[in-house]
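Paired with chain B in one complex and with chain C in the other, chain A is shared by the two complexes that follow.
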Partner chain A sequence: MFMKSKKLSTIKILSILILFYTNFMSIALASTFSEEQTVNITKNLRCLICQGQTIHESNSDFAESMKKYIKSELEKGKTDEEIFSSLVTKYGQWIVYDPGISRNTLLLWSLPLLLFLIGGVIIANKIFRKHEL
Partner chain B sequence: MIISQLGYYSLIFGLLTSIFIFFNSSIQLKKNNLVISDKTFGLIGFQFFFVFISFISLIYSFIVSDFSNETVYNNSHTTKPLFYKITGTWGNHEGSLLLWLLVLTGILLGFILKSRNEPNNYRLLTTLFQQIIIIGFFIFVLKTSNPFNEIFPVQTEGLGLNPILQDPALGIHPPILYLGYVGTSIIFSAALASMISNYVNKSWAKNIKFWVLFSWIFLTGGILLGSIWAYYELGWGGFWFWDPVENVSLMPWLSLTALLHCILTLEKRELFKKWTIVLCIITFALSMVGTFLVRSGILNSVHTFANDPSRGIYILTFLLVLVLLSFLIFIIYENKNFTQKSEIFTLSKETAVLINNWFILYFLSVVLIGTIYPIFLDVILDEQISVGPPFYNKLILPFLIPFVLFMSIGPSMKWIKTNFRIGVKSFLVIVFTLILSFITVYYIGEKNIFVLLLFVGFFYLLFKSLDQFREKTKNFAQIFSHTGFSLLLISILLNSFSSKEIVKNIQVGESFTLKNEKIIFKKIAVEKEKNYESIIGFFEVLDEKNKIINLQPEIRIYNEPEMATSEASIKTTLFKDRFITINIIKDQNFFNVRYQHKPFMIWIWISTLIIMLGGMFAIFRKNKEVNI
Partner chain C sequence: MSENQIFTDFEVVELIEEKQINFSEVLTGKNFYLINIWSSWCEPCKDESEYLLELKNNTPVMMIGINYKDKKKNALNFLKLYGDPFDQIFIDKQGTISINFGAYGVPETFLLNNDYKILKKYIGPLSDKDVYEIKKTINN
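This part shows the complex of A and B:
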């Protein structure tokens, strides 16, 4: 009996702690995403009415309303990816600074790497092939 | 008005002189004279003189605000300070092309004066190729971008210069940058000339090295000024954004850097002849691509390009002609005149230079493809994408680690063959590097193996470069530029990881905190200047030691053209910059305040200056015969 009640109380304490912790974490998380996560997202978005500025850097009306929108979406619990993809469907790929890998950007990513490999082969040939150049 | 006319006719005379020089030097080449008449070289002086007169006339028209001139009318205003009237001369399309032309002819004059001891047919051929470029640009300026167009009726007031261009750093940025850009033209002309006259050898390398260094130093300086300007004028504390306009200046810089290392190898060992020539051509082509992209307006959107296609199409066609011409010459003379007997050993400085070129050309291809791919995608598939910092970071950063490691050991390689021995000292350097990198990564709180590796690479390069000071035959040029480069990378990395920022909308009297600092918004004042009105915010920053730092960011409202700019207030210390900007929020009493800590900013500028200093050492270094 004694043992059982002790066990129970441990479970009680633990569950209270967990509850407290999750509660605390949700508060903590709620306060962190509004700052850093918003910045991370807005730094990756083009201010469509400015010249080569990100939403984060710009103070234009467009950028300001965009920042508010992203904050509210984050508060709703949306992930970064969801926000990015909803913006891309609305404004097009142009708004995101990270081109990502897609059918359209396959060459963009692979061409430099391919050139690097070709260069490597040429140079290896020069260095390791003796007595002739 | 008369002065403006003078400028125009002077340009025409300049063009006529160029055509005359072109035919004159062709005839002399045919005669195969060993002694060349001073006339040709005197004509080159005249050509420069005509463009110079033309340029001075334009400056004069700007100074006296001659609004009968269309360029002045479009880009100047009587209330502008004198300095910005002058810098406004090249702050626009027409004027900046005239500056191109001025540098183009000036560089040729400089080349002729500096190459008195070179073979005459080489000098003549260089003149000939340079004339092709000069004539091309003369026609371009006169046909599509005449800076001396008149407008009637004469206006009493001009439209003004874009306020964000009214800045001391940006005032001198274009001339410095152009000296670098256009300097590559003489490298191109000389490369073609040396191919035809069978002069691709050690003495040619020695001769052209000066111009490679010259362009490289000025291009570095031009990029530096542009970055400094972006840092304090654009109001968000960044200095590099992988913007196409920035990329376009980085591309020739990269290929010049590769070329620089090749020229040194050619000078010492007569190796990489073909490759050096190809790099000379690529470098100039990239400068032209840069001019094309910036001047055509294609960068912002292919649709703005459509508004004024004639300029872009002209440069593009001209560029294609030059590139085709150069590759034609390359194919014809490649087998005839290029013989190489030397072999390369695996462990040698030659190998190090090859690896250097391999990586630099890779970085170049990343920047080039990242810049022009979106344009092609837009034209061909009508799809718009943005290629921004994430793309460049992902493709460049991982490659930087092996690059800097090769860069660390490359200089200690010997020409021809190296026998490596790993002593206690090199072991100590490695241990020291590792410890320092761990501490740094721990301190900035970025516990990430990739970041650690970057720091290891950069610190290793720093110590290996500094270590070169102990060598008997010191190469100050290399030590300084490599040390500068490692410092630059370290400062950029530290800066990007430990920058802190806070954005608040507050009223006068309120305050906020960042880390241990309290920022108090004291008051606001309005001042009236000649061509703008400024709203100045007075801020006090209490740092951790309760020392007061005063910052006074401004909002300037320019009257001509009407536009508001935000002037940052920056307090620089050795370890960090405190950076503050304010902006007005519409219809409210609040101000949008952006306060930032930018660590090691000053080191980014200093290290770039050290890199340039290395280049200067290389220019003034006595050409000692190095024992092989």
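This part shows the complex of A and C:
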């Protein structure tokens, strides 16, 4: 009888410990994930009132507010893309370091390729003419 | 938000009653809304208050204050000292409400129409010229 109650108490304690541990781990993992995501987002955002700093690097009032805003948006379940897109709507494309391909940035993204192709055509033309002579 | 942008809704907390509501609930019944981000510790906000009072007294615009990273006691003292031009005031303790507006800091002012479209955005304290422009926009 004594052995049985001892066994039951051990199971109870173990269950409580497992429950506590899984709860603790889920909270810890969730907050780490969110923290990492916040850092990744803030590293790609320009501090608009600082010189050459990202939101992540800056301690300005604006950057601190922005960090809290991003954290709260992540807590609401927003994705990185949704956060970037809403900030671009509010502050313009200038706020992001990596502007991505859009109608406004298409020329910017395609310019290196265009220059490369034009350069290639010029070089090929010159070689062709040299061989013709 | 930049000019011509239409803002998306978010929750705000009133300064006096500390009641939480959706910001869109505030924007009803008027043709124009002037949103001013201010704080008691902000020096230019003191200079700006006379312009806000002028707009409050001489235009049909609804004046909405966003009290930025401030203490309630200091905010109320500020209003007592420099006058209260606002129909409603909301708290922005963390600065996140101002980010929702696309603001950079204090003071900052936005003129919205009844389609929630931002007609004008003023970064920094209002001037004579800005007040003239706001009045002109409202009266046209």
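We adopt the following convention: the second predicted complex is superposed on the first by the 88 of 133 C-alpha atoms of A that agree within 3 Å, B and C clash if a C-alpha of one lies under 4 Å from a C-alpha of the other, contacts with A are read in each partner's own complex, and residues count from 1 in each chain.
Keep in mind that, in the parts below, contacts are C-beta pairs under 8 Å (C-beta built on N, C-alpha and C of every residue); 3 or more make two chains touch, one makes a residue touch a chain.
Because the structure is predicted, anything quoted here is derived from the model rather than measured.
Colleague: With both complexes overlaid on chain A, does A:Leu48 touch chain B (first), chain C (second), both or neither?
Modeller: Second partner only.
Colleague: With the two complexes superposed on chain A, say which partner A:Asn59 touches: chain B (first), chain C (second), both, or neither.
Modeller: first
Colleague: Which partner does A:Lys90 contact after superposing on A: first (chain B), second (chain C), both, neither?
Modeller: second
Colleague: If you count the residues of chain A that each partner touches, which comes out higher, chain B or chain C?
Modeller: More residues of chain A are touched by B.
Colleague: For chain A, which residues belong to both interfaces, chain B and chain C?
Modeller: Dual-contact residues (chain A): 61, 92.
Colleague: Would you pull the chain A residues touching chain C in the complex into a rising list?
Modeller: 48-49, 61-62, 64-66, 68-69, 72, 86, 89-92
Colleague: Spell out the part of chain C that touches chain A in their complex, as residue ranges.
Modeller: Chain C residues touching chain A: 1-2, 5, 8, 69, 94-96, 98-102, 104-105.
Colleague: If we count contacts the way the header does, which residues on chain B are in touch with chain A in the complex?
Modeller: Within the complex, chain B contacts chain A at residues 234-236, 238, 241, 243-245, 271, 300, 340, 342-344, 346, 351, 354-355, 358, 361-362, 365-366, 369-370, 373, 377, 381, 383-391, 395, 399, 501, 566, 583, 586, 592.
Colleague: Enumerate the contact residues on chain A facing chain B in the complex.
Modeller: Within the complex, chain A touches chain B at residues 39, 44, 46, 51-53, 56-57, 59, 61, 92-99, 104-105, 107-109, 111-113, 115-116, 119-120, 123, 126-128, 130-133.
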